[in-house]
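The structure appears below as structure tokens.
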Amino acid sequence: MIELAVFGAGRIGHVHALNAAAHPSVRLKYIVDPVPSEAHERLAAETGADMVDTEMVFSDADISGVVIASSTDTHAELLLRAAESGKAVFCEKPVSLDFATVARVSRVVEEAGIACLLGFQRRYDPNFRFVRDRIVSGQAGALEHIVMHTRDPSPPPRAYVERSGGMFRDQAIHDFDMARYLLGEEIATVYAAGNSLIDPEIAAAGDIDTAMITLTSVSGRFVQMINCRRAPFGYDQRLEALCSREVLYVENRPQRGVMIADAEGFHSSTPMNYFIERFADAYRAEMHAFVDMIETGAKPLAGIRDGLEAQRIAEAAIVSMKTGTAVHITPDWNP
Amino acid sequence: MIELAVFGAGRIGHVHALNAAAHPSVRLKYIVDPVPSEAHERLAAETGADMVDTEMVFSDADISGVVIASSTDTHAELLLRAAESGKAVFCEKPVSLDFATVARVSRVVEEAGIACLLGFQRRYDPNFRFVRDRIVSGQAGALEHIVMHTRDPSPPPRAYVERSGGMFRDQAIHDFDMARYLLGEEIATVYAAGNSLIDPEIAAAGDIDTAMITLTSVSGRFVQMINCRRAPFGYDQRLEALCSREVLYVENRPQRGVMIADAEGFHSSTPMNYFIERFADAYRAEMHAFVDMIETGAKPLAGIRDGLEAQRIAEAAIVSMKTGTAVHITPDWNP
Amino acid sequence: MIELAVFGAGRIGHVHALNAAAHPSVRLKYIVDPVPSEAHERLAAETGADMVDTEMVFSDADISGVVIASSTDTHAELLLRAAESGKAVFCEKPVSLDFATVARVSRVVEEAGIACLLGFQRRYDPNFRFVRDRIVSGQAGALEHIVMHTRDPSPPPRAYVERSGGMFRDQAIHDFDMARYLLGEEIATVYAAGNSLIDPEIAAAGDIDTAMITLTSVSGRFVQMINCRRAPFGYDQRLEALCSREVLYVENRPQRGVMIADAEGFHSSTPMNYFIERFADAYRAEMHAFVDMIETGAKPLAGIRDGLEAQRIAEAAIVSMKTGTAVHITPDWNP
Amino acid sequence: MIELAVFGAGRIGHVHALNAAAHPSVRLKYIVDPVPSEAHERLAAETGADMVDTEMVFSDADISGVVIASSTDTHAELLLRAAESGKAVFCEKPVSLDFATVARVSRVVEEAGIACLLGFQRRYDPNFRFVRDRIVSGQAGALEHIVMHTRDPSPPPRAYVERSGGMFRDQAIHDFDMARYLLGEEIATVYAAGNSLIDPEIAAAGDIDTAMITLTSVSGRFVQMINCRRAPFGYDQRLEALCSREVLYVENRPQRGVMIADAEGFHSSTPMNYFIERFADAYRAEMHAFVDMIETGAKPLAGIRDGLEAQRIAEAAIVSMKTGTAVHITPDWNP
């Protein structure tokens, strides 16, 4: 039995705690969350874990891995503790809102040589993986360009926006990662235009709610991105990969399997809403991959370096939006 | 130039007159309709035809073909006139509501040896033909059973129902024909259940508005039919052919190419409504086939014998519904 | 904690054992299966259950409910034991292949007053329930007829066919149940035609692989059924309910969320295959309902009487197929 | 009867000549094409037009309108002749590959006050019009951003590319126009990235085959464009308008109404291919609109000024691609 601890018992920590507890080779020993709450107690009871503090986790030599799903401002420190104590780590993105910190922590983690899986869960989604596999296998032909739609169901509350690092670091970063993952190479140029068209609260928080982004890869291939904090019908998360022989479309998945027809036409349901539901399989697969890393030394689909590179693109996008010009990214570019 | 005459300037006669006039090798010389109306005058003007009486048509030796799209009670007589005068004929179904008359006229027409195309337009529809061709070519594998949906947008007026010969002879007859066409063999058994569930006017007229029919072919294959005088969304005309390697689905065709998404879900348009619109291509193809028959002696996809056999099934369905038993059809079965 | 036992550790028993064990208020105490196997041992280990014999289950007063998922020929006896010992029962259909036995056991179970859920899992599927709810609420208008497609991915092995009771009792019985469930009334007439068109092994076993069935309800509404032991693309399980204001379609659910486009067209994946996968949610919901029955006295969506009535229709269908006539069912009809 | 002349009997001239001839109030009197060919003769015969030279058209006072569908390098001169002779004009885009010429000719045409319809046929397509109407009516809510896909079935021949003015002026210009049409305001900023990823012949001709473009409107709304000279499945022409209450999708239209299912999944047909087929209705509607302009003084959906503004965006896109920066467009911006 592998013993794990989960930091953070909020929305995504809850998912990871349940997945860890349900894994046949895992004992979820600890949950750490500084805010006492009934929901956290229930989660602990359900998963058989003890609610403890951070020190307890790192002083327990039986804990072989930690899941970092606490608030963003704690990620860097916990990663460093994990590196120091030699524990495997599964960390939610981003490592930090401060790029220099991300770079520094990434270096430390890499030098420590600990197993580290970064929470770009979309890489573990069976449909996105299908697309990746079909491209890598050569079956689809040469990948030429990608179109990605990411629209949230509705704007987040202002308090969230203010702590989020902004739309590029918070939302589009998943798309930047997917772009690198599918292209299999780095991004050379970013152009980003953004505006607050939907929610004045977002503008008041100094952020945008709509962004149009163009990435050019080192070899000259393209990614055209549409990012938005709202879609009238709910969560919109699609991808279209144009290859020389095939176009591959990751589609939204309907919530309901019933079509209704009436005098107005044919009506199908809204898509799965929201990422917790849409990517439930991906989160489970991530936990399995993390356990494999500990048990067999397997490599993750996304590691600490992928977090750094995706964030580099996010930083460049912010600069592009401010300057109105495409930003050229070199391997050591930083904001 | 082939010179044609059209009998009947109502809904379907209008379609045939326009298609004849638009055919590059046809001169539409005459339209015959006993009821004077402005619409008929306009049609004559638009097609360059003269409005004349029946005698004029049959006494004009330059007329090589006639299109019979007048009221059902005139079909038999006009077919006999055509047979007598040796003119090619394109006749809307049914030949007559009286089966003995259909049988008799079919014999005369066949003996006269005139070219005769019977208006089962669905055989000329490109999608139904695609299905037929794919079965005949062997690509789909062996055809095992067929499911057919025919639902009208809304019940016809009582006056129409009273003269229609009833739902089996008027509506389901197209499906009986399609069954024979796709199976490539005769029907051996018919079971039909029917009821008036939708419109009390139809019950008052002594007819049904909903029918469930099962056909068994001579070799033991099946056709499951759903026939109805209403679909809430409009015209429902679909087919599903289960073959050993493939299932082939003829689908409804949407009117609009715009999908709308909102908080309720995804909304596509109602289908093409009604047969005049849905089968516009088929009617055009029928006219071309008729001209080919005259010019080159080509065979029609549906001839007078197909009308007889489809009607035989309709007659058997009526008996089945009344008796509650499956009716066995032999080649000389009659009601 | 409610303590349960599961009889049978085969395909469906496996599903029920896992669902029982995963239920927060359940302790799965026992699994009973006369055939020793490694897979059964693993299942016991995974669920924390002991492998015991039948006597142990019924002599343990702490067991409040039993799940009967063993071979069909054991169902009746186990139901009688459950009735005798006052334990709640969740029984897979059919109660017995012998109709008189079904009737007798149903009477005993009803007289014993034990809670009894019969495994028509489709009633617990969220999509079929959506259709039922929308009809019951009046939103869809009056239900007029139903079309049901049930096609298995491929013919079962001959040995299975021989013990199955035949296609009507084994496969179509789920559709007979769904028909009663949605119509909210009994069936008055059954017509069934069947043949072996696909697999000569099935004919050799004295069964059919293709059936076309028409049900007429007491009030004269219709159900048109298409049943088959094969669909080229896998599991085909669809329903279409024509109501006066809406048509409700339960559709197949695709396995994959990726569409592929190439020079041939657009390609989407085969549907979920097979019932274990397609109805995973339904099986979970069934187990929750069974626990609710024990905890709160809630009524099941399908009880022992529903098994009896569905089987009555199956028996009548067999008679209809043999005689070629529609069979009229009265409340006390039996084969 | 309105008498018209068509310049150019190539692919699109052929369409316009047939549509003019089929219009009930039009007599197509002349076709002008400097290249003698059998196909042109056949077209003249079919439409009843005479093949004449340019002088004949402009010296015939009975000609009230001309359709300019000849090669691009003749458009400007013919527009000036039409302006001079006071004839209504229906001109295919672009007016000229040279922006200064476009500006000059536009001014002359406007000052002459002749009726002028510019061939942005997509404005006349029923589906794109549906989207426009639904936005204008307020039903969809506020338009926030648009995504447009334009992919040709396959790269044009090198000779075409060399005379085309490049991908922005030749292909994307239709999208620039649609952007302005739907937004109802001018474009303020253009960013364009392009590359030749598909066909080395296109690179050799100095052009690109893939372009990613971002438009920002004067009020700060966005258009994200994907343009390509190839799609593996044929012609890809889609639009997605995100509004505050609805998303409106103009979809590709399938060629075939038959779905095929087999062991690999469900297969639908390639879309209508190519613009002549996909926009057949739009071309017919354009001709009707042109006749209305002559008969009633109605305004076109797209006039000479729309051609100028769309081309201004194309010119700015070329500058953007070369400089790698977004280009700001003012009302008098020119390349």
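Chains here go by letter, A, B, C and D, matching the order in which they are written, and residues are numbered from 1 within each.
Simple rule for what comes next: a contact is a pair of C-beta atoms (placed from the backbone, for glycine too) under 8 Å apart; a residue touches a chain by one contact, two chains touch by 3 or more.
In this text, all values refer to a predicted model and were calculated from it rather than measured experimentally.
Undergrad: Of the pairs A-B and A-C, which shows more C-beta pairs in contact?
TA: If we tally the C-beta pairs in contact for A-B and A-C, the bigger total goes to A-C.
Undergrad: By mean C-alpha coordinates, which chain is most distant from chain A?
TA: The chain farthest from chain A, judged by C-alpha centres, is B.
Undergrad: With centres defined as the mean C-alpha position, give me the chain A-chain C separation in Å.
TA: 41
Undergrad: Let me have the rounded angstrom distance from the C-alpha centre of chain A over to the C-alpha centre of chain B, please.
TA: It comes to 58 Å between the two C-alpha centres.
Undergrad: Where in chain A do residues touch two or more of the other chains?
TA: 231-233, 245-247, 261-263
Undergrad: Hey, which residues of chain D end up touching chain B in the complex?
TA: Where chain D meets chain B, its residues are 24, 46, 126-127, 130-131, 134, 140, 245-253, 256-263.
Undergrad: So in the complex, which bits of chain C are touching chain B?
TA: 141, 144-145, 147, 149, 151, 189, 191, 193, 195, 197-198, 210, 212, 214, 216, 220-222, 224-226, 228, 231-233, 242-247, 324-326
Undergrad: Can you list the chain A residues touching chain B in their complex?
TA: Result: residues 231-234, 254, 261-270 of chain A touch chain B.
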